[in-house]
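Two complexes are shown next, each including chain A; its partner changes from chain B in the first to chain C in the second.
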Partner chain A sequence: MLLSMSWRNVWRNARRSIITMTALSFGVAGIVGMYSYRELTYGVMVRDITTGLVGHLQVHGKGYQDAPSIGTLVANPLQVEAVLQGALPGAKTERRVIGAGLAGSGDRSAPVMVLGVEPGATALYRMSAGQDFTGQPHEVLIGKDLATELDVGVGGELVLVSQGADGSVANDRYVVSGTFTSSSAELDGTAVALPLAEAQSFFALGEGVHQLVVRLPVDREDVGPEVNALRAALDVKTLEALSWTEMLPQMKASMDTKRRSQGVMDFVIFLIVGLGVFNAMTMAVFERTREFGVLASLGTRPSRILAMVMLEAFWQAGLAFVIGVSLAALGLYGWGTVDLSAMMQGDVMGVRMPTKLELGLDPRALGGAAFTAFFTAFAGAFFPALRAARLRPVEALRHT
Partner chain B sequence: MNSALLALLLFAAPEAAPADLPACPSAEEKPDVKLLLKRTERVLEGRSSVAVMRMAIKTPAWERAVKMKIWSRGRDFTLVRVVEGGPRETGMMTLKREKQLWNYLPQAGRVMKLPSGMMGDSWMGSDFTNDDLVRGSSLVDDFDARFEKSVDHEGSPAWSITLTPHASASVVWGKIEMRIDRKSCMPVEQRFFDEDQQLARRMTYGDLQTIGWRTYPMKLTVTPADQGRQTVITYEHLELDVDVPDDTFSLRRLQQGKE
Partner chain C sequence: MAVVEVENVTRVYEEKGQAPSPALRGVSLLVEKGEFMALAGPSGSGKTTLLNLIGGLDAVTSGEVRIDGRALGKLSRPDLADLRRDRIGFVFQAYNLVPVLTAAENAAYVLELKGVPAGERRAKVKAVFERLGLGAFLDTRPMKMSGGQQQRVAVARAIVSEPAVVLADEPTANLDQATGAALMDLMRELNRERGITFIFSTHDPMVLSRADRVVRLVDGLVVAT
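After this line comes the complex of A and B, so read on.
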């Protein structure tokens, strides 16, 4: 009975209720919309990071992260891979060699990042022209923008020079098999990819690699437990294991900072909306003083009056939540795909920001928004409700 | 004494220093540094040179040595060829023509031009930079020199000089502190500071020998600030102010892999 009474009461002053609900709905829509947009962007970025250049985790020779050096190696990567499979079942690993060098073609030359990758096992790049490694000797793939800079195309000749881990002058001549794009503008502009074995011989590394990139069968940001499990299994005297958040600390910090500042925004939005609810409910209670007096003199207990007023707030919050989420969904899906390529040139902290974003509702936004909407409505309504419950029937009836 | 014997004596006598060479102002407490540096550079570089040197590099990870032959003419032309080294670098050549630098890479069989801005990078993994190797910058022309004081350097009197690069000079250092031996007017030590005024490396000159009219340091040791690294160059053969044919510094010859 209270439910239907409070529902009717919401519509007794429809205009005021609609205004209250509109304020609440816009608050909900704003929060859900911004949350979804932000988390979607982060989701794409994190997926790019964890499937591409960085992976969820990496194993290096000890000290590599702080001071990457061509001679700091995982000396026996296959053994380490076996240990890793034991500690993290289902994880995918990829061996990688990374070194700096100079690439030349014709009269042009440029500093480059030389990557040794496992052909077929890497998700580092997508071919943009030519073909992936075919197994021919002396094949290289190069970043699309680097190809432009060096003015070399598919089938062209590329000379690489660097320094081997033994100090020798690494130099050789290769044929460009294809050009690629990746999840990082830096790679597109500076990377030369060689099959792992060619890179190992170029840099005189033997079987050694610089990075064992680990991809976990999960899709989440925090991989702390996995890092700890891996550290427990590895020989930490010669190796180090790091999560992507440890390798890109600024990235994680910036994401968390933005989340926190968003939290503050949400709080401010609902503080304002909450005050609006408080005002509306105070007015509603004040106008109905005589009514509450009648109810009380008929023997309605104060707790039931309190519950009834609170339920009125509940109905409004509930309606506002549904409307707000619908508005957010309408906006997000209605917008569809955002093309940020004009706005986002280059990398943000080593990772290319997603240029095309499929907008949609992030379900994780709903819980928080629902909690905030209901909490705000309840907090705004509580004191007016309490006031209604505490009215003394005689005084209330005399109220004009 | 007959005239023939006199002539023989004259020819056998040490070659005389060029007339335009400033005298070594050993007695002066506070020499004219510009003049002093001019003299030092003239003696060290000559108008041209042909040299054979051994370069030994030591790092925490590896040690190696290469033997190379160097031809130079003035500051604009230099050719370096690795005559003995590992299989991948024997035959490697570095050619400097005016401001530009090319490397001939023997395994690739190709010539690669060094991008500008890499003059400060290591040459062949040593603690010498490309700039050191080809003497790209001049202490006299590219730096402002200031006399500091007379000092005692390992038991011998020396002058201490500070060099700061001109704003327009393409020099990789922020500052060089230099000590010049008062007796020989030869540098004994240079300390190179980076743009943040942090000590980057120390170069010492040793094993002074007489080459013609010169007293020449036959051993150069570079010790960078990084722990555990050192590069030592020792001249095995050195001729200065000799004729070097023009086509030694030809880019076409370099592309053919010929010295």
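After this line comes the complex of A and C, so read on.
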């Protein structure tokens, strides 16, 4: 009877309850909508980071992250890969060489990033013209924008000049077999990709590589446990293992800061809504003062009266939650795809911002929105409920 | 054996900025099980105050009220609520039914508080409603009932849990003469059938004529019993 009584009490003053629930519903819809939008954007960014240049984790020669040097190597990458498979079963690894150089074609030249990648194993780029490595000697792929800058196309000739790890001059002539785009505008404009063995030979690295890029079987933002497991398994005197958040700390800090800002905004929204609930419940309790006196005189314990008023808040929060989530889902799925190309162009902190976003409801938003809605309703209802519970029956019965 | 013992009770209302106002001044009273007793007196004589004190709705300034030998002044608020639930029924002048509950749910409310299973509640309420001529109103909301019907539902609510004592504060005040007389006859029959003790406050001669005993209060003092 307590449940049904509280439910019916919600509808005693339907207009007031609907106004209260509308405020709560819009609060929930706002939180769910903004959370989903933000996290979907971050999800795309993290996916691009972890599947592209950076990966979830990387293993380097000790000190490479702070001071990248052509001579700071993972000297025995195949052994390290074996250790890594033991520590992180199911993880995929990619060996990579990275160096700086100068590329020339015809009378044009440009500073470039020379990448040595494992043909067929890298997800770093997508071909935009020509073909991927075919196994022929002296093949090179270049970023689409760099190709434009150097005015070189598929089949064109490219000369690379750099310095080897042993101090020798590194230079060679290559044929462009294709151009690519990647998850980074910087790569598109500066990167030249060579097959790994070709790059190791070019920079005189022997078997060494600069990066072992690790991709975990499940894509997620927090890879703290995995990086700790990897550190425990590696020889940390000669190697370093870093998560993507450690390699892009500003990116992670920016995401966390925006999340905190959103949290503050959520708090403000629900503070306002909570005051509305408080006002509505105070009115409801005041109007029913005499009835609470009757219930008390019939033998209702104060705790039950408190529970009844809190249940009224529960029903309103529950309905508002369902309506709010439905509104957010309608908005998000109804909007569908958002074109962000006008808002976000190029890289931010080395990561290309998404240019379009498939909107949808992020299930992780529901827990927070539910907690906030119910907490707000309960917080707003608690003091009126307490007042109802603490009424002295004889005084409540005199109330008109 | 006395169901209700009122021992030298005073109740003084003190409002800030106003002189203390004594509503009861040393009232003592014993009510035996099965009595059908009226508290009579003019408005302001202390009838309702005394009923409130006996029902544990208000606290004495001095003296003591006991129900079934239990001193109300020594009980906590939850214990007082339990005592009211288990031992006392109330009938109010203004009926005071809960508007969101049906007539049957109003009557069953106390049984639900006592943890009586739903089926048993329904059966008990139905039996009492039949007895009070309310059989057709089980699922009717109070606002769709007449004053007399609502007051009978209030009586049903007061007696369905078979309390030791029913306290009725001017139960006929809002009813016409015939309806009020019928209600008093009904309460009298319930008193005789079930042995429930009734204490009601009134200044209605019709009600007083049906009481076994009349306790007269004037200015907070018992002047005749």
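Descriptive notes on the structure:
By our rule, the second predicted complex is superposed on the first by the 400 of 400 C-alpha atoms of A that agree within 3 Å, B and C clash if a C-alpha of one lies under 4 Å from a C-alpha of the other, contacts with A are read in each partner's own complex, and residues count from 1 in each chain.
We adopt the following convention: contacts are C-beta pairs under 8 Å (C-beta built on N, C-alpha and C of every residue); 3 or more make two chains touch, one makes a residue touch a chain.
Remember, it's a predicted structure, so these values are computed and weren't measured experimentally.
On the shared subunit chain A, the superposed partners chain B and chain C are arranged side by side without overlap. In the superposition on chain A, contact of A:Ala110 is made with chain B only, not with chain C. Across the overlaid pair of complexes, the angle with its corner at the CA centre of chain A and arms to chain B and chain C is 150°, in steps of 10.
In the superposition on chain A, no contact is made by A:Ala67 with either chain B or chain C. In the superposed model, A:Val159 makes contact with chain B only, not with chain C. By the touch criterion defined above, A:Arg173 reaches chain B but does not reach chain C.
Of the two partner chains, chain C is the only one that A:Arg301 touches; chain B does not reach it.
Contact with chain B, but none with chain C, is seen for A:Leu102 once the two complexes are overlaid on the shared chain. For the pair chain B and chain C, the model built by superposing on chain A gives 79 Å as the shortest CA-CA distance. Under the contact criterion defined above, no residue of chain A touches both chain B in one complex and chain C in the other. Considering their complex, residues 1, 5, 8-9, 12, 290-291, 293-304, 392-394, 397 of chain A touch chain C. The part of chain C that touches chain A in the complex is made up of residues 52, 55, 57-58, 77-78, 81-86, 88, 90, 92, 96, 98-101, 105, 108-110, 112-113, 157. For chain B in complex with chain A, the touching residues are 57, 59, 61-64, 86, 88-89, 92, 103, 105-110, 112-115, 118, 122, 124-125. On the side of chain A, the complex with chain B involves touching residues 71, 102, 104, 107-111, 157, 159-161, 163-173.
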